[in-house]
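The data blocks that follow each hold one structure.
Shared chain: chain A. Partners: chain B in the first complex, chain C in the second.
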Partner chain A sequence: MLGLSLGASPHFSYQPLWVMLIFMTMIGWRCMNLWRNWPLPSKQHRSLTWLQLGIAAIATLLLVRSYGNFIGRDAGVALLTVMLGLKVIEIRSHRDYYLSCFLGYFLVVTNFFYSQTIPTASLMFVVVIIMTTCLISLNSPIQSLDSRSRLKLANQMLLQAIPLMLVLFVFFPRIEGPLWGLPQDAYGAKTGIDDSMTLGNISQLILSDEIAFRVKFDGDIPNQSVLYWRGPVLWETDGTTWTELTRKKQNSATPNISNTHSSYQYSTMLEPHNNHWLFALDFPTTLPITLKTHLTQDGQLRADAPVRQRVQYQLNSHTQFQFNVGSDVHLADALQLPADKHQRTKQLAQQWRNHTQQPSELVQLALDHFSQQNFFYTLSPPQLAGDSIDGFLFESRRGFCEHYAASFTVLMRAAGVPARIVTGYLGGEINPVDGVMLIRQRDAHAWTEIWIEGDGWLRVDPTAAVSKERIEHGINTIMPFSMRSPMFISHSRQLFDIWQQLSNNWDALNTGWDQWILAYGPKLQKEFLSKLGMPAPNWQSMVILLTLSITTLLLIISLFLFYQYKRHDPIVQLYQRFCNKLARLGIVREPSEGPLDFAIRACKQLPTYQHQIMLISHQYTQLRYSLEPSVSLVEYRREIRQFNPKQE
Partner chain B sequence: MTHNEIAAILQAVNSIILGKKHTVKLALTCLLARGHLLIEDMPGVGKTTLAHTLATTLGLSFQRIQFTSDMLPADILGVSIFDSELKQFTFHKGPIFTQLILADEVNRATPRTQSALLEAMEERQVSIEGQTYSLPEPFFVIATQNPSSQIGTFPLPESQLDRFLMQIEIGYPDTEAERILLSGHNRKQMIQQLQAVISIDKFIELQTAADNTHAAPALIDYIQQILAHSRDSGHFHFGLSPRAGLGLLSAAKAWAMIDGRDQVLPEDVQAVLPSVVGHRLQPRDEHISSDHVKDMIAQVAIP
Partner chain C sequence: MTRALSRIYQKFTHVRGRRLFIIPTRFGFVYAGFLILILLGAINYSNSMGHVLSFLLGSLGLVAMLHTYRNLAKIEFIQAYADPVFCGQSVNFNLVFANSVSQHCYQIEVASKQNKSPSWNPFKRISGYKVHQVIPKLNSEQNTHIIVALAGKQRGKQPLGHIRIASQFPLGLYNVWSYFNNDYTAIIYPKPSGQLTLPVSSEHGQKFHHHQQKGLDDFSGFNNYRTGDPIHTIAWKAVARDKVLRTKQFTSLQGGQLMLLWQDVAQLKDTEARLSQLCLWVIQAESAGMSYGLTLPNSTINYGHGEQHRHRCLTALALYD
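Coming up: the complex of A and B.
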């Protein structure tokens, strides 16, 4: 019962409330029945049947309403949960208990559709132990085995299963494609950078501690201030929302990167975000080998398929470069502004433009405007009504990176300088435990690129004009402790350091888990197997190989146990041979039959060999059971060798 | 030589108790293994005769106590009575001070009286008013129970049953034996005329010899497997106690000696097993296996 509840508990967060409500009511009812002897609906009065039918019907209706159908992950799991709850209150026979137990195991599996983290896995491991203990209790009616020894036995059994588990983990064929694919609704909304930007949606990410991706540098680690992780590039705006170039405008030309300096080599492990783009240190100069990707004209690294599983890729980036120096086909798009919006901003830009035509001077004017006109960098900007850019620039003057990036871009475009917004992440934290850099959702950032004749696209980060710390030391310096740690330790620096240390260790553990356990997909498996000397096996041959190897393994173990049991005693072995000879004539010794009883029975069936049978049996009992046997092993062996009974 | 004496004992007893060779052999096994015997059967099948014959044949002094519900421990153990001539209490030994005592219908007495007997069985001595009196050596109790009419009886609890090495049944004689019985002499008279076959010293020697019968490690393995099966199989409410295990071994040794062997074989264990463990095991599923011990033999493989 406990196992079932625990096994179902993670579903609380994924399932509608009513599903869990029904489930917990049923479990609670059953528990009260066991402890306090509360009455259960009885089968005789049909109340059970009606109740179950009623609940099942209601549940089905609700399911259809919530999910539309029964197919799919969420609906299926919900149905399983409700029905399991109903099963629990009608448990009566042994068979019902077994069924509930096995359904419980199934429930454990369904949890991994949603989450594959270490806590989930450990919780489910505990559940599996409890379930196994239940099964042991069901199978052994002896009360003398108390619950502790049952638990111990369950642990032992599971420990013994670990080698097999490892073999299966390594060799079980991983197949790309629909066989293992989860239903479509398995890829729900993920937090993270979006392909469009409205003022305010990046600052929502700031509270998220979730890891966006991890990076391991081979060699030097670049300075914090150049850690711009390039994501979606936004061009088009309707005044409030910024979006990527529409697909038909994108052309397949690759960007032209020249004059590169400061090369860094690193591998990235990206958490699934259900979108195409991959994050790369600005600017990637090689494409990953392990993934099918392409580089768009505006410098986005995009995977051909949406990232629905954790992916790992190797990249080489240069932090100093020149980007599309010659020209850019999309320059017109980089000047587009909605005609009837941002009037005050356009006026300001027009004033500047009257002052100077030089793009670099215009940039400087804008940045000076930010730094001198009382602009503040804040993590909780006020809500902007009406024209958000005008509102920000002339009224609130408090904003987050996206406000600065967006308004700067508008200013530049209005002043006639091609500009675009780049979203992504800035910074990252090195975990001292394993040297892996963690980039979290709260590191999300937006900045601007402008195009200047002769220099190409240049990165301008208007946020730097307001808050240098954000750029040079990362988001953590801006955020107060209280936003980064649990409430109760926020007031003490020392406690905070301990907490930091612990969370570093936990992150390192998670990195290992992701890298070695969860990332073990078809590719890693293929690599690993080819290292073992099995180049590129297909999954059919792997299934055969797996079956063969497991059979062999089990065979070896059982043979080993069998031989240990027999203990290589020559007396017993020879007697076994004697029995085998008789067994060929249809006289089979029962395992519980004593040697003399067996001899007498054999003599009745084979009177011709009476003398020999009695002699050998006597020798056997002498050798095996006497203190001072009156016969020698040699004689005994000779007799058995000479004993060749034939059917009369 | 030993074998001849045993054969003589068996022959003498079998001349009185007709057609019950196996039962007689089990009863003798029990005595040779220094154990107490519980006979559960109908009245009139020869329980008393068997006890009496054994006592006479083995040259043991014999007493019979008929248990009733108004019996007191003093009726068994003895009582101190004031001697007016000596001006002091003197202890008058009860019927228990004998080498072989037949406790007839032991379940008729109250638990208090039963426990007085059973304590004496275990300690082989009697303590009354601070004085300890040793019981004669050898000392055996053959108790009988009548299973058919349990009204007004106090059935022996498991802990008491455990003190009996064996429980056997006698059962009706077969047609042939019954015919001889009906046409032959009066059994009571025959017992009167019966002579002791061996002396008490000789009998104690036989007991020692039975104890010295060799039990090989392989055989101890077998006994352990039986014990383990009784505990782990789940067929019984409680497993066999270590005392039951010891009893099983000594009974098997005595049986092997009666069969004239100096080593114990699994067959010996199997032969005594029903009588040694039958009354100690309560099958969980009472209506399913009446032959639970036979099932147990079939289920435990001989190592």
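Coming up: the complex of A and C.
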């Protein structure tokens, strides 16, 4: 039962409150039954049976209301949890007990649909141990095996199972999923960059410590200030929300990129975000080999299928490049603004436009405006009512990168300069433990690109005008410690350093876990087996290898189980032989009987042999317990060999 | 190396000639079903930890198989014996099992089946066992005995029958079992009953025998000590005199001598009734302290007295046909 609760506990965070409420009530009820003898639903307690049925009915109704059906990941898990809770209070027979144990195992696997981290995996082991102990106690009465030995046996069995599990994990031929259609909600909402941007979106992300992707550079690592990881490009706006171009427009042409020197090679491991785009260092000049991808007209690297598992790809990027220098087909879209919005902003832009027609000067004017007019970069911008751009530019003047990017774009468009917003991540932190750069959700960023004839699309990051720190040293320098670590640590610099060190190690461990364990699928398996020396790993050879290694392992385990190296005391062994000889005549030594008591009893039953029996028993006690035995082992052995009692 | 290997081999073949059978139980199949479900789910969702869990549980299942097997592998059936009983009483067979290894064995179920002509149907051979008892624990390197009670319905020899031991420990996913064929039997005496009184003066019975019966009542001289003589008969004073162990001999005159004859019960209508009557007489004669004998159409037992003699007579009656 403890196992069930533990197994269910991770679901608390994913499931609606009432599911857990029902589950915990049922568990509590059962506990009270065990401790205080509270009645359970049964034939004697009809009313309780009705109560239970009532709860089941209510739960079913609630399920239908919250999820619409029973099919699907969340609804299925909720159903399983509730039903398991109800099952717990009506465990009566062995069969019920077995079933709940098996369901408990099943509940563990449902956890993994949500999270596959190291803590979850450890929890799985704990739950499996508890469930196994439950199964053992089902099969052994308490008087013969106490709880501690049960737990020990369960641990022992699990330890023996682990090598087998590893072999299975490595060699079991992996099949590419899915086998059948997945339910709609198979991949839940993930935090991360979205394909649309409303002011306030990205600043929510900075609270998230989650890893967005990891990058390992081969060779040089570029400067922090050029680590722009390009994601969705936003063009269209209705005044509050910015969205991408339509697919058709995106794919209407290929971008024309020319680049100069300094190229960086790196491999990226992207966490699943259930969207098409892949993040690449601005600007990728090769396409990944391992994935089917394409580059859109506005420079997004998009995978053909949504990224639903962790993917890994190799890229080559140039940080200095020219983008569509000659012309761009969608320039008109980069000038669109809603007619009736941002009136004050448009006026300001109009003033600047009257002043100069040069795009580069207009850009400078806007940036100067940000840096000189008391604008602040803040991680917690105030909520903006009404026209958000006007509100930000003329009233609050406190904003996050998205505010600057959006208002800058509006200003540029209003001034007649084609502009668009690029979202993605800026910066990244190298983990000194394994040299992998971690890009977290809190590194999310938005910047702008403007198009200038002869130069093409140029990156302008208006945030730089207010906060150079953010661009040059990453978000961590701006964030106070308290936002990056638990409360009690943030007071002391030293504690924080230790914490940082630990979390670096933890991150490195997680990187390995994600890269080797969680990503272990058909592709990685082939790669790994080839490295092991299998010329062409196919499923036939894998099955052969699997069978061979499992047989070997089982043989080793059974050798371990059956062949006991424990050498027994020859005195005891000989005495056992003596006892066996007597047992053949029906004189059996009780476990509680001492050798002398046994000898006296045996003498009564076999008076003919009493001399020999007494002699051997005395020799045994002498040899075994006396410091200076008066007989030798040889005599003792001869005596036992010659002892051949027969029924009178 | 070869010696070490052959030693291992000997350890393994310690259970000579005995076969262990193992198949999954109902719950074992359900477990396998759950495993397949989990594995399919893991493949479908490409869930790596799902794979890990299903592999872990699968390996656990394999390891459980070894453990279940081991729980039974080293149990030996040493011996069985039963005291003779009268027809109608239950025969209590005392079965001795030995656990020769240093691990305890748990939850051993003992069942038996009466020998019948083997059927051509192999399923019939494994069915029909009656479970007697579950031994909760067989201690390591010790013998354990249990009592199997069978109904003694018919006089004669009651075989113990085939013995089957089985176990599902530790996880209940597998059932392992093994048979012990044996020819242990118990003697069932006829049921003592009848209305006829003990014949006091039959013609044979009146003959006086000068044959000395060794007894306890009157001292009649010394004998040299022989192994097996009861200690209390040793003449300790004589030992003190010349250091030779002697036993004191006694004679006792019986409360009469009696030969129980088949003819005496000829008036009864069938063999069973006659045997029951004779059985009753034997018991009565024994308790009356007589010296008695038994003459059956095919055998004769000479005069005698005592527990052993009574057993001989009753066995002759039990096995009469």
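Please note the rule applied: the second predicted complex is superposed on the first by the 512 of 648 C-alpha atoms of A that agree within 3 Å, B and C clash if a C-alpha of one lies under 4 Å from a C-alpha of the other, contacts with A are read in each partner's own complex, and residues count from 1 in each chain.
Everything below uses one rule, namely that a contact is a pair of C-beta atoms (placed from the backbone, for glycine too) under 8 Å apart; a residue touches a chain by one contact, two chains touch by 3 or more.
Quick caveat, the model's predicted, so the values are computed rather than measured.
K.L.:
So, A:Ala583: does it touch chain B (first), chain C (second), both, or neither?
P.N.:
It touches chain C, and chain B stays clear.
K.L.:
Between chain B (first) and chain C (second), which, if any, makes contact with A:Leu627: first, second, both or neither?
P.N.:
In the superposition, A:Leu627 touches chain B alone.
K.L.:
Per the contact definition in the header, classify A:Pro591: touching chain B only (first), chain C only (second), both, or neither.
P.N.:
It touches chain B and chain C both.
K.L.:
Touching A:Val311, do we find chain B (first), chain C (second), both, or neither?
P.N.:
It touches nothing on chain B or chain C.
K.L.:
A:Val109 contacts which: chain B (first), chain C (second), both, neither?
P.N.:
After superposition on chain A, A:Val109 lies in contact with chain C alone.
K.L.:
For A:Phe172, is the partner it touches chain B (first), chain C (second), both, or none of the two (neither)?
P.N.:
second
K.L.:
Touch check for A:Ile89: first (chain B), second (chain C), both, or neither?
P.N.:
Neither partner.
K.L.:
Which partner reaches more residues of chain A, chain B or chain C?
P.N.:
Tallying touched residues of chain A, the top partner is C.
K.L.:
What is the shared patch of chain A, the residues that chain B and chain C both contact?
P.N.:
On chain A, the overlap between the chain B and chain C contacts is residues 140-141, 144, 591.
K.L.:
Within the complex, which stretch of chain A touches chain B?
P.N.:
Going through chain A, the ones touching chain B are 140-142, 144, 590-597, 621-622, 624-627.
K.L.:
Where on chain B is chain A touching in the complex?
P.N.:
Answer in residue numbers: 214-216, 218-219, 231-232, 234, 239, 262-267, 270, 284, 297-302.
K.L.:
Enumerate the contact residues on chain A facing chain C in the complex.
P.N.:
Residues in contact with chain C: 95, 98-99, 102, 105-106, 108-109, 112-113, 116, 120-121, 124, 128, 132, 135-136, 138-141, 143-145, 153, 157-158, 160-165, 168-169, 172, 174-180, 182, 186, 309, 517-521, 550, 554, 557-559, 561-564, 566, 568, 572, 576, 579-580, 583-586, 588-589, 591, 607-608, 611.
K.L.:
Flag every residue of chain C that touches chain A in the complex, lowest number first.
P.N.:
Listed in rising order, the residues of chain C that touch chain A are 8, 11-12, 27, 30-31, 34, 37-38, 40-60, 62-64, 66-67, 70, 73, 78-79, 81, 94, 96, 98, 100-104, 106-107, 136-137, 139, 141-145, 168-173, 227-228, 230.
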